[in-house]
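In the two assemblies presented below, chain A is common to both, partnered first by chain B and then by chain C.
== the complex of A and B ==
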């Protein structure tokens, strides 16, 4: 038996040493060509010093030719200039939206994961549904409701208030739209973590005399810390890069976010270098979140391997 | 503490003369304690949390239902209700009709909407056909191949999961307009972009299944005389089918739903996809035909997910847990 095993093992190595790498190669090559290289392309455009005849930056693929003048200009503009308000709006809106996500999302995820009894399947389906309904469709719904003749103005008109120009550049509409848009992406991962907490720990805490609040703050919350942070990171990453929500519910320079600046500059030929620099700055800001999430995912995948 | 027992006053005897158990009459309530204020009772019904949850669910879904409602509006308004019509979906394009020239399936001069729907569906199918084999092979390769290179490949292949779409979209836009110029913006660029963001989550889904299968079945097949390739083809792949199917459906749904990457890569109006069209039309001149289009997109996505749910549920038969939990556990 042992001999047979050994020969088989030997054959296995000889015949299929290259099987697994061969299977992994197409995917890896694809991602190198269409993910790693494009990211390098952003740097090549941002650090380019030469313009072509149309005035567009020619990407500097050779790092020795990199020139940081555009980048320096963009950083100046971000600290004391035209991009400053965009950065401020991004951070403030994202922070308020994130706080609201935690305040609304945690109770919902907690209830569905731990307390719902008979209708748990239904509740789970209902919190999963908005995750898969197109983001634009969901925003479009609000544009209809918040329009001049929409239901929102009908309702406040019923109570005798004057019409509100909801879509005319109100910052709170942008924040609430962000919460509405990203809350499903917050709730679902948090649900998955809360669902895994051992019920016995909570029962033990109660048996040992802790009341509901004490049990929550001493047992449940610490146990769900990683889930909470993961959910916040998953929500923060797209929220920082969001420009469409803002355009749909406000489209006003008073609420412009950094995503709007990037979208506006990168597709127009002349300011493409500025757009690429802004993408790099945004990536640097988000690097902490991305690294955290990546390490978490890598750890999970290493356990899986 | 009052308890119900054999000798409880007023209770009937718990056993009759033949020794059979006689349950106490319903009028006797077990465990009757004094009044417990709700905040001291850990087993009370969680009314507050239930209210928040249902409030959230209504808030998240009712606006979408209202948008669906307005796709049937008998007026050009998307916000005030004028009665029911299906003109925005079909056949309302004749002159003088409410939906003149803009219904989704109407044969009119303006068939941008139908074109966008066709583009989205084609793109979803092609993306799925390319991404699923690549992603599945990558999952197989990276799960079983251990070396320093495979660790690096693993990190690279998980990176798109954590990259904001805005960064991925602008990176692809720059590289396709400067380096891969022979590809050009348009359908090919869209396919490349959608496959790129799909590979990573296919990897995660299929790998999850691979790990839960383990390698005992393959080893057993080889002990019974199968070659490595035969073991993979006849034993491992059939066991992976549910996961491959789930990832195919999710890829299709994600491709249908994608806006950011598509908005960077679609090129000219003939290659526009539904989400991009929704976005640009809201800024221009919205009509209920847009709601009709959004409703059709919704039906497409939900059909794909419903199929996934049913397949996962069939696979789950006899196992613990629910298929919905599987869907919720899919990392994106």
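== the complex of A and C ==
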């Protein structure tokens, strides 16, 4: 209303000059209050040099007072110390989980986007169905399935095999749980990209004599590359920081991931500085991936133009 | 210069902040501090008590032979006597999970209209983190002697108005004036317990292995330790004869204990404190445990399992047993301190305490509820007699003491290394 009147009054320039920035205010405020400020708080804790009577770091809000001894120690421990195995587990589990996501998720997304036709709505609903259920509940169901007296052991017991201690700190159980938890996040964005591929390109490829496989590898896959990478980024970021999946299905030092290390240090007052430093390190690692992703998409959109 | 924490008129000499470098330098620093403590105690004769042992003097370190009277600060006085309990919807309790009978909480709600809401923690370190979080408000908290000084000097607790705590006379005499809080100004006792090894006697063949049961590969994947730096590292020290001093500030001893814990990692060790449930339901066959856990386990038994299948091992010689107690205190942040006093007084009531014990399995140190009474009452089955604590056990047993921040952090850091996958 107000906008329309302002335009009528011939003050279009003034209106747009204030309107567009005004629209950005809620988002900016949100980002400032819930991202920039907390992140600065994390830095203040990570770079603090003062401890209170309980041995907890007193945040150093003044950057001039920053002390990097703890950060240096954490980097040291990450390269060759107590955090090393956590980092290794994180990268390895996330990589395997990601590969499984691609192997399972790509065909599903492809089928729904290109071959499902009439059932597409139903299939999409089924893929999204897990989102209607709380993540925690979905993970707890694995505890029921894989518990000592759970269904998995019942089934292998029926065939005469010995019980498996699934939840006793098995790395593959952590990977399976991660894949299960994040697979929908992988399929949906990929589906959106696959759905958008111009059918004519594929038809052209077939017309020019390429067989199904050749068409897929020469046309569909390159066309969906950005979708694939987007899906991988969307699932990889939370996987790197995930700790509760691991806690529920393993909770053992044998499978500890960096998220678990961070949780442990943050819950323990004395090492909050280390936890904050780990958060900064993890953010730096993820930022590296994010930057790579942004460059790729930027290049792709430029090519498209 | 030493200060006398018992004099309240003089500002105690402690530095409010200690530099992180001091803590990082912990090793030598702490060793020196701890070296001094027994020395001072050995010198003896200082009846004014409470010589601050330890390196940095941020707070006095209480020991049975060096009791401490905690100061009452000008800006942290007891509440006035003779007030009516606040009419509020909730009493906020910071406590271990499953450490208070639901029936006791319900009775309290019926009586005062306030629902007892529990925020759980796994160990004191977590408790301190939660209680000191900015804006955190709790009415009741359950710390042990090993954190009392820190919490009082950090002004996290408020002194009692003793006139509300008429039931304190029910407690064992030694807990009406304990060494870590002379005059019970900030704390009353909640429970007493020993730390040992809980096991399934239907599966474990040789419980005489003691602590080393946990390192026995036969129980790999079915074994766990307490999520508590002091308890876990202390047990490793005792299990492998590293030292009998589970409060040691010697970095080498702490490191050696960590190395022993690291050996549990390939055996699939779990780190938690729900052994009362997980031993009973068969998830674990061996778990480091507090005595109360085995008594409480009868409420969690899986089908076909009876209390006869549970076992609790502690060293035969009472002098080798790790023994401790938890207290009840009122945080300074309490919005309903009068109600909190009423709640604490209830927990010291013989009938209510018995009801609470019946459920949580942890013995309240009340004179009426002595070992004979509890055994006759059928609370503890014959095979779990080792879980019973008597006052005399405290004279000889091994206890956890309050540490300097430097030593404390060495333990926490070592435990964290272990939990991060060992190094």
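What we mean here is this: the second predicted complex is superposed on the first by the 260 of 305 C-alpha atoms of A that agree within 3 Å, B and C clash if a C-alpha of one lies under 4 Å from a C-alpha of the other, contacts with A are read in each partner's own complex, and residues count from 1 in each chain.
The rule is short, and it goes like this: a residue touches a chain if its C-beta (ideal position, glycine included) is under 8 Å from a C-beta of that chain, and two chains touch if they have at least 3 such contacts.
This is a predicted model, so every value here is computed, not measured.
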Touched partner set for A:267, first chain B, second chain C, both or neither: both
Touching partner for A:221 - first (chain B), second (chain C), both, neither: neither
Partner chain in contact with A:82 - chain B first, chain C second, else both or neither: second
Touched partner set for A:251, first chain B, second chain C, both or neither: both
Comparing the two partners chain B and chain C, which touches a greater set of residues in chain A: B
Doubly contacted chain A residues - partners chain C and chain B: 58, 148, 251, 267, 272
Complex contact set, residues of chain B against chain A: 39-40, 42, 46, 49-50, 52-53, 56-57, 59-61, 63-64, 66-67, 70, 77-80, 134-135, 137-138, 140-146, 149-150, 153-168, 170-175, 178-179, 192-193, 195-196, 199-200, 203-204, 207-208, 211, 222-223, 227-229, 253, 256-257, 259-260, 263-264, 274-275, 278-279, 282-283, 286, 290-291, 294, 297-298, 301-302, 305, 322, 324-325, 327-329, 331-332
Chain A residues touching chain C - in the complex, by the definition given at the top: 48-58, 67, 69-70, 73, 77, 81-86, 89, 148, 165, 168-169, 251-254, 256, 260-261, 264-265, 267-273
Of chain A, residues touching chain B in the complex: 8, 12, 15-16, 19-28, 30-32, 34-39, 41-42, 45, 58-59, 104, 107-108, 110-112, 115-116, 121, 123-130, 132-138, 140-145, 147-151, 180, 183-185, 188-189, 191-192, 195, 206, 211-212, 215, 234, 237-238, 240-244, 247-248, 251, 259, 262-263, 266-267, 272, 275-276, 279, 282-283, 286, 289-290, 293-294, 297-298, 301, 304-305
Touch list for chain C against partner chain A, complex: 14, 16-21, 23-24, 58-59, 125-126, 128-129, 132, 150, 153-154, 221-222, 265-266, 268-272, 282-283, 405, 408-409, 412-413, 416-423
